[in-house]
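The chains carry the letters A, B, C, D and E, assigned in the order they are written, with residues numbered from 1 in each.
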Amino acid sequence: GSAALAADVTVFAAASLKNALEDIRKEFEAETDYTVALSLAGSSLLARQIALGAPADIYLPASADWMDYLEAAGRLVPGSRKDLLGNRLVLIAPQSVAQSISGFDDPRLFEQLGEGKLAMGLLDAVPAGIYGQEALQSLGLWSRLAPQVAQTDNVRAALALIAAAEAPLGIVYASDARADPRVVVLAEFPEGSHDPIRYPLAQILPADGPAVAAFHTYLQGRVAREIFLSAGFDVIAE
Amino acid sequence: MLSVELRQQRAGFALDISFEAPAGVTVLFGGSGAGKTTVVNAVAGLERPETGRVALNGRVLFDLERGIWLAPHRRRIGYIFQEGRLFPHLTVRQNLLFGRWFAPKGAAREDLERIVAMLGIGPLMARHPGSLSGGEKQRVAIGRALLSSPDLILADEPLAALDDPRKEEILPYFERLRDEVKIPMLYVSHAATEVARLATTVVVLKDGKVQRQGSAAEVLGDASVMPTGVRAAGALLQARLLRHHTDGLSELEAGGISLFLPQVMQQVGSQLRVRILAQDVILSRQKPEGLSALNILPGEIEQIRGGTGPGAMVTLKTDAGRVLARITRRSAQALELAPGVSCYAVVKSVAIARSDVSGEARSDTPG
Amino acid sequence: MLSVELRQQRAGFALDISFEAPAGVTVLFGGSGAGKTTVVNAVAGLERPETGRVALNGRVLFDLERGIWLAPHRRRIGYIFQEGRLFPHLTVRQNLLFGRWFAPKGAAREDLERIVAMLGIGPLMARHPGSLSGGEKQRVAIGRALLSSPDLILADEPLAALDDPRKEEILPYFERLRDEVKIPMLYVSHAATEVARLATTVVVLKDGKVQRQGSAAEVLGDASVMPTGVRAAGALLQARLLRHHTDGLSELEAGGISLFLPQVMQQVGSQLRVRILAQDVILSRQKPEGLSALNILPGEIEQIRGGTGPGAMVTLKTDAGRVLARITRRSAQALELAPGVSCYAVVKSVAIARSDVSGEARSDTPG
Amino acid sequence: MNWLGPEEWQAVALSLKVSIWASLLSLPFGIFVAYALARWEFAGKQLLNGLVHLPLILPPVVTGYLLLLAFGTQGALGGFLQQFGIILAFRWTGAALAAAIMGFPLMVRAIRLSIEAVDPKLEQAAATLGANRFWAFATVTLPLILPGVIAGTILAFAKAMGEFGATITFVSNIPGQTQTLPSAIYAFLQVPGGESAALRLVLISVGIAMSALILSELLARRASKRLGGT
Amino acid sequence: MNWLGPEEWQAVALSLKVSIWASLLSLPFGIFVAYALARWEFAGKQLLNGLVHLPLILPPVVTGYLLLLAFGTQGALGGFLQQFGIILAFRWTGAALAAAIMGFPLMVRAIRLSIEAVDPKLEQAAATLGANRFWAFATVTLPLILPGVIAGTILAFAKAMGEFGATITFVSNIPGQTQTLPSAIYAFLQVPGGESAALRLVLISVGIAMSALILSELLARRASKRLGGT
């Protein structure tokens, strides 16, 4: 950033990281004299903006694809890319109508779904949707469930459908599910049923000044780790 | 019969009137701001007065003290507006038939053909109002009101927006309306000619009050109530059409006196009313000889009223009825006119405009 | 001086005219659809004809053959529209002063006070057009046009939308305009009264052609070109105001003959024009005695024209000028009238309406 | 044309269906509300006016979310409608509702302005000829405001063709059911390299909406030419 | 009030700033385009009309993306403007541009309809009094369409208060710089527990826009009451 108002560090991050990043920012600003601005939106949008010259110093999307895109475009500070966070995919149901199931082979899964919809992110576009489809396919459930899938433009919208009990089943991130008392987690997708979910971190060219490096480091530090963990993310780094 | 009773208070204007309109045409006559439109709109239901009561042939249209207020569309009143208010998206035919869609099934239906013929709007039927002249628009507006099978016709200065030739073109249709269609009519006007030709009864309004009510002859003969002043004063004579002469003159008879007028388009035998403006009458002490004027009415002076101006208004009692003459005071003195003096009223045939003669009763074949 | 030359082809209508309007008021006279508005709009620049040329005091407003077309706002023409076209968001004062914002710096400025006084609109200055009566609106419109310092005034039937009393209220202002302000004026009308009172020159249009052009007296005396027909025909006499009598009459002198009229609001000595309608004239072979009519003009019959109707139009040559009399053919025969016969024209003083008398030249104190 | 896959054709067809129904079904309500705002004085008029404009003011996602809460199967209105067999959630009908609500302010504005331009005296004239309020409106005012009605309908239609946020939030994206053109465009824009597919769909959507707009201009012009003066 | 954090206040202030600038700066263009569409016949009139309506038809994200391509630092127009020190992308000025463009069809519609309701004969009258086209417009038509101008401006303002898709796409969502109310609402809706904060912001946004709307109704009514007849 260059304007007078601009913060020392501008972070372009997936909107789903809002709570955790804001907590980390507060800690960071308390510990240092630097200021941090968080621009939160969809990962794809942010990536395109960065490609077109947005004043971002750090990029933290919810999927590796868009980081690859920027890397190919030569916008990353070489060597700054790291996988920072991980997440798990869970199957959830509305708290009010949830039946407990013992696993993905439990026939009560289909009872729970009934004629209703399975809410998940856009299958082609939203990372949680892409991972979800992959997981269901590898579990052999896709062909039965596909006709009942309702896709949303982001994970939170899917969660909202479950929370409002409009859909009896949904696939969201564990980090989203745990914070909402109106939904219960029926099962967690086994590791290996889909590509690992990764939130990569990188500095964007031209990364100038010590503040960017400081925050880049801070995101990988102990305080950040605590906050990410308590928000339900897995921390990969170190 | 229409009975009207209204009270209405506005900033700087108080309406408080009550009158009864018998069958025929009742002209509401009065200057600007007298309250004419307010009365007519209340009768139609377009404006709600503070209090009052209107009944039409015994049917109460509203009685605000008893909380009765009939919606306009239930009143069965044909309103002819000053500006026509034709529906611009409909053809003339559709405009004419508009009211018919809503008329109660049993209502006596005016015949479209007959009304169209009467108003001479046959060639316009397929056109839209936007392409009509002012006079044509008003004729269509008359037809539209008639064809809604109304129990009463209201007309609020239907000719005011037209110029003289166009007025002259429309007035006969209102006469036919009165004589042929026989629906009672409340007609707002401030033109003496219209009063003279149309009115059965005149109600003169002034500042929201009824100043005078009476027959057309009574009111027109009274210069004091004519808002347009002394130039409009004149007498109304009742006459019978005796014969049509070959030279284009019509001979009428009034109280045994012959009157010669330019051809009157009425049947022999019809009763007519002839308006003779006071300013068109010349008085003579001797029986005039060798004058081009054809109408000479002997009589006796009843009254002479002088004003502040140079004129005097002389009332002459003749066998044909009272005749008013407006002459200069100088002439009155020169001729030594005084009540009781006998003299002659001289009136040119051609001074009596066609607009000053109108049929009094229904004639079976329209002219 | 205004010279006009226009050609314009429309479906069912072809305009092809050329006339010159000298100083004073030129009335464009003609029936509906004659092309009057088309001419006036072309002069103002509001409509572009196919071809033609208009020059005002030598300044070319357009000459389409030479490709000249001045934008309306550069023509310095004050247009008085039939419907007023006042600006509804501005007060009367702002409306009046509107043109002044745009007038060239050096232009001779009409004095606001003077115009306001002349038009009697002083009390209206702070009001908005929405609250004015039709007559008041037109007076403001006249003032607005005047105050834009125009080289020419156009008026397209400025009185047509008004009823008679309101017409009567406005006409004097146009007379004052002619006499006091002396801006040349092109005035569209189809009312004979207006022609008689205002016109210096009359251009009669018919079906897009100039049918006749001449002085007001010439054109009005010719029943064949009067589109409103024979009832409007009449003579124009030039007279000089001799004295005001104490009984409210004014004495005029025309060619040695005295005329008595109800008080004329002009200064003694002024030249006046008096319109005497043919239908108001009675003819007599003997000199009439003992009649209430005060004006008796001896003369000799020049011409008698009969039509298909019952009437005949008699032209009488008197010392005061030609007088037209419309009488019945029956009377013409009875009195054995023929060209060369001498007889008397009888005219009532009160038959000459105030609207039929007008000042001819500028009088220094407005009445 | 083979440059669109079958799913995309489905999206085009569905968008057309949703937009047509949205604009036509909201029309009577639009006319009624416009009339009330133009001609009547009543308590809560400003409130109604505000309510109508709400979808213009709120971020579409919020509108969609509110719709979900109200018209979902669990929502009060949704439950009520369900008794009559009307289900909106996850159906194209819900997409139509969302589109209708988003386009409603545009429709009402256009119609209201044209009602205000009609002289109420014409309705009075109709009343004296025996027409009650409804018929006076239907036979006089309605034909006269036709240009405004056409404009309002087409505006709502065009808006519906582009509506995304409220629709996907309310009825999500189910190919063949609720996947409208804008949802498809959005999805393409979320993946690297999807731009050209998105562009194709944008062009189709713009083409349709533009044709409708131009048509509406022509219709409105013809309708107002038919009228002349009073 | 302490139920909003400083960042949220910033978003409120920024949204107000953006919306006011957007509606005021687009006003002259809006009046000009509305006048051209209402009064002139010219080649490409339908094209201009279509262009004006484009933001209504396109999904907002697409509009924002097109803006980014055109006005970004890499874009042709953006590069051109940059020479004069005008940078739009990722600045609040860009947010104002996006909001202006999204509100433009609404503004033009409202103004155009009110221009069509003014009798062109009044401008003719002004011309005969010496006013050229510009002055005839400025002194006669403009005051007469004031109600429409007010309505159009406030509509554009209200739309700007709610604009999200194009704005976030064009200028991203940087607090204090480009984070408008709708973007802040969006961000809150993306995380667990953000609903109540989002609701607060929605209420503020609705409150502001509604007040503006009601004000515009009152102003327009007063302006049109001042006029009577011709």
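Structural remarks
Here, a contact is a pair of C-beta atoms (placed from the backbone, for glycine too) under 8 Å apart; a residue touches a chain by one contact, two chains touch by 3 or more.
Nothing here was measured: the structure is a model prediction, and the numbers come from that model.
Common neighbours of subunit A and subunit B, listed by label, are D.
In terms of their C-alpha centroids, the spacing between subunit A and subunit E amounts to 34 Å.
Between subunit D and subunit E the centroid-to-centroid distance comes to 21 Å (mean Cα coordinates, whole Å). Computed centre separation for the pair subunit A/subunit C is 89 angstrom, with centres defined by C-alpha atoms.
Within subunit D, residues 65, 186, 189 each touch two or more of the remaining chains. Multi-chain contact residues of subunit C, defined as those touching 2 or more other chains: none present. Not a single residue position of subunit A touches two or more of the other chains. Contact between chains, per the stated criterion, is found for A-D, A-E, B-C, B-D, C-E, D-E.
Residues 1, 3, 5-7, 10, 12, 15-16, 18-19, 37-41, 45-46, 48-49, 52-55, 154, 156, 159, 176, 178-180 of subunit A touch subunit E in their complex.
Chain contact summary for the complex, subunit C toward subunit E: residues 44-46, 71-79, 81, 83-90, 98-99, 101-103, 128-131, 144-145, 148, 154. Of all residues in subunit C, those touching subunit B in their complex are 32, 133, 160-161, 163-165, 190-191, 228, 231, 245, 247-249, 260, 262-263, 279-280, 282-286, 288-294, 308-311, 325-332, 335, 346, 348-351, 353. Looking at the complex, you find that subunit E touches subunit A at residues 61, 65, 68-69, 72-75, 89-91, 168-169, 172-179, 183, 186-194. Those residues of subunit E that touch subunit D in the shared complex are 46, 49-50, 53-54, 56-62, 65, 106, 109-110, 113-114, 117, 155, 158-159, 161-162, 164-165, 182, 185-186, 189, 198, 202, 205-206, 209-210, 213-214, 217.
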